[in-house]
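Two complexes, one shared chain (subunit A), two partners (subunit B, subunit C).
Now for the complex of A and B:
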């Protein structure tokens, strides 16, 4: 029977997009389906740490070794997504000396460049570190933009012929006897979702092989074909500061615990995190104590955090997995390793494997291993090139700075645009049209927003993750509207309005956890701009009833008679 | 020695300026001190009174009957509906020809830069020809370099809102704007000064070139709307000149910050303050206050004796008989918060709020937001009340967004509350002088 595609990848996170790229560049025909926007699941909800491996150097040396290898690879192939911040494991007086020594030895065992810094030296690197920080281990941690990296994988997969279908939710696995041969998806399902296929229509996509890369959602997919996949989703909070209090990744040097890392990320710093098992990756409590813990505990390392402005908090769910019967109670003890579950071996159901566990930093190595497995199943012999071929945006980065002009942009805007776009800057920014700044906080111009719209359609949250527009201090209060303007006239007014509502709602969601001080004032200003000035909260265009315009002041030329007593 | 006045108004926005002007009508010495730039630069310049009742349907064609039904503690309920009318009349007197809408009790519906319409009671003369409750067809003109206003989209949105006319939008290049990130004041000043500009047809001037750019796009509409950048100091002349050249009415659509209509209103108010003899000191935060020994003894409320302002690092005492607090709400920083509490920073007046920070908001962004109502509770004389409903001070009144108990954004009542409470607070302060 002819199938629609050779390989069908479920899930548009880093793993799914990495697999799609890997297989597509090996010459296979690939379709990827994602129920929301790329990175909507766990990938877009992580702290942005590019692990050096230092974090696992004591507890899990195999992972640590893999991290440092992939860390070095990503710096090469995804330079435009990575900031080489460096990292410090800092030790406070109450933290164990033995652990500090074990960490240092572990790093050396795993090939992670590690160097001890005195408290004074550490404070020279990061002046806001607490006075009583005693020592630190310097490692090559980095910051990575998971959105950009994931999208770059998808773009490269598409360039090699893959079909990337977002807003396509898997509603059934197609199984005949002991063979899985595809899925049924619903396009544009859910409120406010927009895609190019008609919303609400369904489609069956058949494939030679199905890869379930849905992470924390893998169990839900498996159950559609009566397969049991024991994912143990675990939530964690990330709290975003409005500026970078640190330019280096700051880790607490102790075995494990909540609130032990600060990652500088673009214009912000991200505090993390908690680790709590949840039953449903789509529905779990986002709790105040988690936000308070980030600020209170991490201000032991960087005291200024206690008085600083946070702009929002968000939560992600780790796709943790452990083999049946392991019985680990505490989610912090569950391995971060990944598992390839071939359902033919495991359950006697052919045609599908599931990928669970793992971590962002090693997504490429995971994808390679899975792609090898898929090729083996399909009898394909092509080999992997993803460790050597730069991603779109990261080609010839060395030449980039020297060779490019500023496209008529103010230099801070030009610099940041180039950082985001990498080697694509020229193609995106060179325009004869007016190219004003759409998002002032992040320095995003119209050309970049339009490029993102071209890539992702009318979904403004997808535009947001590609460009960072609306992710700065004002949290979109000033620019959401302007982003929406760029959808017109390609998309009609009703679509633009719905897209704007969806973006504003998403921006509000995270701000709820930052509503005090400056950010509460900002929220009130945003509310006033959208409700008072624009009347977006009571827009007659959204209302069911008609406004009786004739009853209002027509400007003295017509309409209501003066009933004044003057 | 302290600088002495009869009435000291703290805050230089619409409420503070109105309070100072109302007080200055009496034979008293009035001073206004302000710290930050007022929030008028964020504001549309429209004078909303009440567009939507707190829990009801709207837009209200007539705001006045609804004033009687407001809940206890709402600023309008505190001052009474007559005071709202008096304050509007007072504003009309100050604004003169710069504002319209006084000919009727009815609200006007004004197009917003987001494309829908909003109800308002008074509107700048620059906006008068643009009312959505006027049935003449309109051409909206946007500029490629000004992403805040997308004219074709706004026109489509107006039609979706059901306006009784045909709206059409076009996007053009603004003659003389060279940089894509020019500030709105650059557009305004080009037109104010009618600067020479280069066009495809050769040398021209800013107004003529803009009119020539727009003229061929007209298709019989009798009015043309622009984003609110048509001049700053000479806005009336710019508008009249463009209307003359185009042969149609010209109007402005109020914009977000920085808002020229808001800045023009600020200029108008500060001119009026100067004319009224109000002493104005800007850029000076109030950093401390003292209560006097001559209060009503241990049982009565304290009297504020003096406040200290910080003028470039040196502390300057100001004393007055009566004080008006008009420092704004959360946006103007007249109300502040931290992780634990919400407070009023100048006199530490009581600000009611839920103890649990997660009760300060609701999950729907445009839902009934508790934080939007944060502010001071006051008696019917606008004097702040403490947690036991006793007066915080005998000689302090509060006006404008520092007051609690109303959601100006949802109600479209911000300017009206500032006017009404500013007017009442200023007048009562002057009357209360010993």
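Now for the complex of A and C:
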């Protein structure tokens, strides 16, 4: 029976995109489906730490070793997604000396370069560290942009013939007897879809083999074919600071606990995190106290955090898994290792494997192992090249950095743009047209926004994750509409308006947990600007409230009611 | 508890900038960007952005540029050199973003890391910033110096060789500096351990307009103050504006040490130049951390402001007259006086004196902003910024100008041809008369005892 594709990958996170790239570069025919935008699930909701392995050097040395190997690989193949910040495990007076020693020895056992720094030396590296930090272990932690990395994998997969279908939600697994042979998806059902197939239409995609890489959602997918997958989703909160208080990853050197890491991420710093099991990865409480407790605890390491501005908070859901019968109570004790569940072996249902557990830093190694497994199932002999071939944007980076071209941009804008685009900088930024800055907070120009639109269509949240536009301190207050403007005239007014509404809604969502102090002032200003210029104070419950914008074009007519009935 | 009442908001949002690289003296101002919510009020108040399309404005120069920076980045945008350091953005900001501190620090970093130390621009700026070092030469041979600097050939050379605007006339040097006069006079004529001020005269009233400094002496002695004239260096204002932070640091170190000693002797510090007082009060504590920097800042006053607070200056002026010496003035409040909240006092005080009126010419910037308007490449923009002030001076019912800033007075004179007077000179004429003391060291002074 003819199938639409050889391999169908479910899930557009780091694992799914990594698998798609791996298989596509091995010459297999691949289709990837994702219900939202790439990274919408867990990948886009992580703290952006590129582990050195130091974090697992005591508790899980196998993971630690794998982390340092992949850390070094990603610096090579994904240089434009990685910032080599270095990391510190810092010890406060109340933290255990024994654990500090164990951490140091563990790092050395696992081949993680580690060096002890005195408290004074640590404060020279990071001046905002607390005065009473006694000692620190310096390790090669890094910061990674999960959006950029994921997109680069997807782009490379596409370049090797893969079909990447976002906003395509799996609504059924196609199973005949003991054989899974594909899925049914609904197009455009998820948020953000503004291109390709008409919203609401469904499509059956058949495949020789299906890889379920949906992480925390793997159980839900499995149940569509009566397969039981015991994922134990665990939520964690992360808070984004307006500026970088640190330029190095700061870890607390103690066995385990909430709120023990600060990761410099692009223009911001991300505080993390907590670990609490939830029943449904799509519906769980987001509590303000989680944010407050985290800021309080991390202020013990970096006191200035207590009075610093946060721009938003978000929660992510880890796809934790443990084999049936392990019975771990505390989610922090559940292994971070990944599991490849071949449903033929496990459940007697052929044609599909599920991948659960695992962590972002080792996504590539996981993808390689799964791709090997898929090739074996399909009888394909092809070797993996993803550890050696740079991702699009990371080719010849050394040469790029030596280049002096600023493309007529202000220095810091040019620097940040080139860092985001990597080896694609010249292709995107070299333009004869005016290239104004669209997002001032993050220094994103029109050329970069247009390039992202070319890559992702009229989905402004996809444009956002590609460019960082609207991710700065005004959280889109000043630039959302300018981003939307770039969609016109290629996309019609209704499409542009819907895309803008989705972006604005997404930006507000994360700010709900940051509404005090300066971010509250920011939000008030954004609200006032949007209310007075875009009628955003209209009653959202008034579904008929289409504003007749044309009525304003003739100039003001006294007495005309321009607002909704709020 | 509502979100708005969260305890994190109670800290007053003060952050202590930290030296990231202690050896290089660099300061991390990124946390200052937390206060910016991008309202752009600073951009609307920036006089340079108004006339110069190439200048991105204070919001970019300050919070945006700092926020985009990483610890090891050294590529400050060159446009920071177009900032005239008028500091109006500081007053404009509704959210206390430390804008001028960010600009001063970024500019210093730009000059240190990105500007060629061999370039004409660097040396021209260094010269302009270090006027204090050149002025003594001019003061030594004032007549020769005035003759030479007045030559059109000199101006032509200045523009071609150094990039100093040829349209500008260099200020004349006084034949006797204030300090020479003060020494010859025998120092203070009032001794009063209970009322003591230390006078920060700055460079200009020492080398170029000692009549302003002498007016201050007469006014303060009239009120029974013992005046100290401590050793002093340039206030640093032109150095900040040119990114010569190391030069400024050296000067500030001397000033803080000497002024702190005067404070120990029971004196308060007064300055007659609004940029000097601004520098001691705001820029020193923002940029330096010598011992006593904060003490000096907290005890420094504008000379007129000090009398308004400590004496009943209004009552004293009531009913005084200045006779034929002065007529009505077109008064321009310098930006740096405005920043200190001093923009209304001259008009109010002169209103009390018979026969003289000060007409406020509005709140625009004069456009010269210290060394900014002296640079060939800024001349046109400087005059475009000043146009509003020139127009208003022209419209005002006066044919002379009044201000407290030396370079504003140069710009006012340059744009209108009016003679420009310092407020203290008018107060001295009203309170003490034409003061024979002012004419020379041997005259008998108006003793205040």
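One rule holds in what follows: the second predicted complex is superposed on the first by the 529 of 566 C-alpha atoms of A that agree within 3 Å, B and C clash if a C-alpha of one lies under 4 Å from a C-alpha of the other, contacts with A are read in each partner's own complex, and residues count from 1 in each chain.
Definition applied: a contact is a pair of C-beta atoms (placed from the backbone, for glycine too) under 8 Å apart; a residue touches a chain by one contact, two chains touch by 3 or more.
What you see is a predicted model; the values in this text were computed from it and never measured.
By the touch criterion defined above, A:223 lies against neither subunit B nor subunit C after alignment on the C-alpha atoms of chain A.
When the two structures are aligned on the shared chain, A:538 is found in touch with subunit B, with no touch to subunit C. With both structures placed on the common chain, the touch criterion links A:441 to subunit C but leaves subunit B unconnected. In the superposition on chain A, contact of A:201 is made with neither subunit B nor subunit C.
Once the two complexes are overlaid on the shared chain, A:385 sits clear of subunit B and of subunit C alike.
Look at A:288: by the touch rule set out above, it reaches both subunit B and subunit C. Looking at the shared chain after the overlay, A:308 reaches subunit C, while subunit B stays out of its contact range. In the superposition on chain A, no contact is made by A:326 with either subunit B or subunit C. After overlaying the two complexes on the shared chain, residue contacts for A:410 are found with subunit B and with subunit C alike. Looking at the superposed arrangement, the partner reaching more residues of subunit A, out of subunit B and subunit C, is B. Overlap of the subunit B and subunit C interfaces on subunit A comprises residues 288, 292, 295, 410, 413, 478, 515-517, 520-521, 525.
Residue ranges on subunit A touching subunit B, taken from their complex, read 288, 292, 295, 408-410, 413, 433-438, 445-446, 478, 481-482, 485-486, 488-489, 492-494, 496-497, 504-505, 508, 512, 515-517, 520-521, 523-525, 527-541, 545-564, 566. Residues of subunit A touching subunit C in their complex: 124, 127-128, 242-245, 247, 264, 267, 288, 292, 295, 304, 306-309, 410-416, 440-443, 472-474, 477-478, 515-518, 520-522, 525. Subunit B contributes residues 42-44, 48, 51-52, 57-59, 61, 100-109, 112-119, 128-129, 131-135, 144-150, 152-153, 156-157, 160-164, 173, 179-181, 254-257, 329-331, 333, 336-339, 356-358, 360-361, 363, 365-366, 369, 371-372, 408-410, 412, 414 to its touches with subunit A in the complex. Taken together, the subunit C residues at the contact with subunit A in this complex read 3-6, 8-9, 11, 13-15, 18-20, 22, 28, 30-31, 33-39, 56, 59-60, 64-73, 75-79, 95.
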